Amino acid sequence: MPAYSTNMRYKFPILALVLEIITIILFGVFADYDDGKDMRVVWISRNKKNRLFQDVHVMIFIGFGFLMTFLKRYGFSSVGINLLLAAFGLQWGLLTQGFWHMDDGKIKISIFKIINADFSTATVLISFGAVLGKTSPVQLLIMTILEITIFSINEHLVATVLKANDVGASMIIHAYGAYFGLAVARVLYRPSLRNGHENDGSVYHSDLFAMIGTVFLWMFWPSFNSAIADPGVTQLTAVINTYLSLAACVLSAYAISSLVEHKGKLDMVHIQNATLAGGVAVGTCADMNIGPFGAMLIGLVAGIISTLGFKFLSPILAANLGIQDTCGVHNLHGMPGVLGGLAGIVAVALGKKEGGNAAMQAAALASSIGFALVGGVVTGFIMKLPFWGQPPDKNCFDDSIYWEVPEEEDEHEESLAHADHSKNKAEA
Amino acid sequence: MPAYSTNMRYKFPILALVLEIITIILFGVFADYDDGKDMRVVWISRNKKNRLFQDVHVMIFIGFGFLMTFLKRYGFSSVGINLLLAAFGLQWGLLTQGFWHMDDGKIKISIFKIINADFSTATVLISFGAVLGKTSPVQLLIMTILEITIFSINEHLVATVLKANDVGASMIIHAYGAYFGLAVARVLYRPSLRNGHENDGSVYHSDLFAMIGTVFLWMFWPSFNSAIADPGVTQLTAVINTYLSLAACVLSAYAISSLVEHKGKLDMVHIQNATLAGGVAVGTCADMNIGPFGAMLIGLVAGIISTLGFKFLSPILAANLGIQDTCGVHNLHGMPGVLGGLAGIVAVALGKKEGGNAAMQAAALASSIGFALVGGVVTGFIMKLPFWGQPPDKNCFDDSIYWEVPEEEDEHEESLAHADHSKNKAEA
Amino acid sequence: MPAYSTNMRYKFPILALVLEIITIILFGVFADYDDGKDMRVVWISRNKKNRLFQDVHVMIFIGFGFLMTFLKRYGFSSVGINLLLAAFGLQWGLLTQGFWHMDDGKIKISIFKIINADFSTATVLISFGAVLGKTSPVQLLIMTILEITIFSINEHLVATVLKANDVGASMIIHAYGAYFGLAVARVLYRPSLRNGHENDGSVYHSDLFAMIGTVFLWMFWPSFNSAIADPGVTQLTAVINTYLSLAACVLSAYAISSLVEHKGKLDMVHIQNATLAGGVAVGTCADMNIGPFGAMLIGLVAGIISTLGFKFLSPILAANLGIQDTCGVHNLHGMPGVLGGLAGIVAVALGKKEGGNAAMQAAALASSIGFALVGGVVTGFIMKLPFWGQPPDKNCFDDSIYWEVPEEEDEHEESLAHADHSKNKAEA
């Protein structure tokens, strides 16, 4: 046990309740229902948007939550803390995004704003993947507040000031979330995990749970990338581009996984993650006239670089730069997000988007990465303060430090090693 | 073995087939497609309602089904019997609800009526949670018939006679289903289970399966509470109120779980259930002008009382009143449902709903609880008749009494206790 | 080890990448976005169809994928190879179906075409069920190309030449996919598996994963059967008929399962599959005026024959005809598909569909089965060529031949039999 305790009995409940009460008061002062004055927003709210909201919701809560259940003993935290952070994040995101668009001094809540609030939580859930297993719920609530606040600033800058295109948010969500998380992970570097950790791996069933997350993310990505597109042909284009990019990405991810693995076998880590890189990478261009061919090419490349990243780059980042990226978010969100931003610059330069400006696209990409790195480093140092209940190295990747886990009555039983543990599990 | 056998070889197939054939004949005589004469129903059928129907469908079949898979050896029954009861219940509900709204002597089936039929099954699935593991499929089919029939009477009384508001059905579904189930559970009280049962608990993987149910219920609750709301601003209000109530509820459920548990750890039972109490409790008021602040306050309180109920009240009910509530439906549906009814009375009294009448709201709440308790007691005594194949105490919470369970060729092998069982499972 | 290796290191990646690159080039030459000239398609694209597309998507990727995870050691392949085949199949289906409907020399991609592409992959996933566990990914990619190409020919013949009705595709998808797969399975007959295989069975958790597939298929089947129906009353009819057929089917499947099983217990194989037969069987008639009574009768019969098929017919087909049907697709898709085709003939003959022609319906059924059997035999012989990496008998139904499976560092460890394997799993 370190000098500072991991016992959360007071610090977690107090933080969670205080945050929620402050949030409710802020909603009492600033929030109201959308009143229908903005007819366009109301119209789309009542129709299609409502459905896209539910699809995005599934991606946030089932998709991200179950994708991270691949760890053998960290499933409760993956899906449970995912729910906690998303539930708090969407409230906080409604506020921080809403402050930029007040109407009569009020944030008027519409389905459109709800979708954007769900989006803002995605950045936190991506960063959560980088630090998964190595942080306490208290630290993660603090990360949520800071990351969403900074996201809202960058999003405002990119969308309103630079007027850059990023309909599927390759830059402002995926690249931002990934590099923010990697910066935090770097600050929280744990030397003793350099040689791995016995719980930092999957078992057969945990890999199947993770595939629930993968497949729901994969299926609903067309809704994610088209949710805030202009209705009509533009939105249809975003659906088709995303659908085709993802399909092409699957083939390249499977091919490269088999090519680089032992005896040509497929690796579940690649399949769970790299098959989604096409959705990330086509995000910025999703509503542009890049053609089915262009979308598929982006997906093909994304699947390749993502899989290669898992195989070759992640070990280098961990060993040489001290970036321990539990879920490999650099490969799923980081590089494909940057690829998406670059593709957007090229597409706009080639005139694939009316009114687009390649310099502004480049500025948006730089801004997103800049805010992510600076914000992540600052946030990381705040999270590193010793009283937030960070788990000791030996308890990383283990639910039982923050959860009542079935079949383990008492903490000191844990030291009764594998023989006993295996018995408990087997009886189950 | 008791004098009456648990072998279902004839009684279950005959009951199921006879019920289905009677139902088909009744549909042959009374049911027809909606013919479009009621333009409003057709219009909403063709548009938005169709989607809300699918969301409600997911809550009924995945949500309720998987939520109950938390028991270590009762997953087949949880998701399988859930499917059986819901599939029969929706047919029966179409009939019993339809008889109140005949047109030319026919029940005209529309998406609107299908949603209401799905709703009627929810009452049964809630009650199923109270008696989970302690009843046979035959008993549960009988409960389904009686509970839905009585529901349809109470629903007609509340909606048409009292003209009370209950758009998200806090009273007529959640409180009704919970207290009906608790009354049945009281009648079926098993003294020998007072000290628990070795199978009445979860294992690591079963808790993750249950989270699939939790998260799908959580995500689609806004659709549940808005499915029968008037289209437009009212429906949008129901979505926003439910979304915010649920989000606030998550924070309070997590906070209180950590506060009351051993060393500040989170308890999966609370997370799986109490995070949903905000959806239940905001149901009656969902389409009222209670403001985002009001919705969040309801959610906050619901999360607190639900978690405290699991920790402190359920053991008291079991020990002192003989109410053995397997899933704790009193904490998820009972108390939050009553809270929702009370919030509705207050909101209507404060003028938050045009045309509302607080006295009628109170009468609706009393009626729902009254029908539930009386109906549940009567149903319980019918279910207690000795020939329905109720499981003996030692086989409670165990799928193998009604299901072929893999790796167990023969009944008497079961007596070859843990050593052997652990081997089978481990080989799996 | 056979003379031909199961090592996929080069053959799989090369095949997958070459196929994808050819596909992208074909899309570059032939594909474009739908341009809105066909207003009807665009209108429905923008509205309802978009949602139905997502429901069908869920059935293809979650439904089929998880339904096949029932095998104890074949979950990675079930859900993973399902994703691979569907992702490639939908691209290929867009091309092969699109070639019949070119506009200015281009395939104009709309949501309507995307739904049809998803549909085309369903045939492959059904056939995959017949050969599950006994084929390599390379063989399956080849099957995908051939099966979808032949499907597109038969579909064009049935829909455009014969002008037969098959809105829910009982004939062109379910019967076709099943008999195609059975023909392939017959050609790939493995005598040594006549007495079963130790991995050809389920364990407790794998049966629960499979229920995720079952329930999602069940819930969204109304969308499948109505996705390409004419909007309005016709589409509503398709939803209602499918909903009622499925509900009736559940009761008969449960009843017959209990009736034919040991001590009246329910069998998970029946519940996972036969409960869906009502959706298959009502497909052809789904948009016809058969009445709720007619739909329920079809469902009732489908549930009975499907369950009886699993119990009595499948063992005969395996023992006497050499048809080893891993998932029992003959019982879920084959017989119910034929039942659906026959019901369609009768319904059209009785005048339940305006403009229908019973002879054309019969021709469509014959055509679908004929193309399936001939196509399946030819495809089977191509798949049987020795260099595609078909697994040896002893490694059938085992993920570890094509996947890195956790807790097994090295191939030769596999020979350290159960004692060791059990330990690994238990530690998990």
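Think of it as A, B and C in the order they're written, each chain with its own count starting at 1.
Note that a residue touches a chain if its C-beta (ideal position, glycine included) is under 8 Å from a C-beta of that chain, and two chains touch if they have at least 3 such contacts.
Keep in mind the model is a prediction, meaning the values are calculated, not measured.
Visitor: Enter the angle, 0 to 180° in steps of 5, of the rotation superposing CA atoms of chain A on those of chain C.
Guide: Resulting rotation angle: about 120 degrees.
Visitor: Same or different for chain B and chain C, when you check if over half of the residue numbers at their contact belong to both copies?
Guide: different
Visitor: Suppose each chain is reduced to the average of its Cα coordinates; what separation in Å results between chain B and chain C?
Guide: Here the centre of chain C sits 33 Å away from the centre of chain B.
Visitor: Mark out which residues of chain A touch at least two other chains, giving numbers and ranges.
Guide: 47, 51, 205, 212, 422-423, 425-426
Visitor: In their complex, what parts of chain A are in touch with chain B?
Guide: 7-10, 12-14, 16-17, 19-21, 23-24, 27-28, 31-34, 36, 42, 45-47, 50-51, 54, 57-58, 61-62, 65-66, 69, 73, 75-76, 79-80, 83-84, 87-88, 90-91, 109-111, 114, 137, 205, 209, 212, 402-407, 411, 422-423, 425-428
Visitor: What does chain C use to touch chain B in their complex?
Guide: The touching residues are 47-48, 51, 55, 72, 201-208, 211-212, 215-216, 218-220, 222-223, 231-233, 235-237, 239-240, 243-244, 246-248, 250-252, 254-256, 258-259, 261-268, 271, 275, 289, 291-293, 296-297, 300, 418, 421-423, 425-426.
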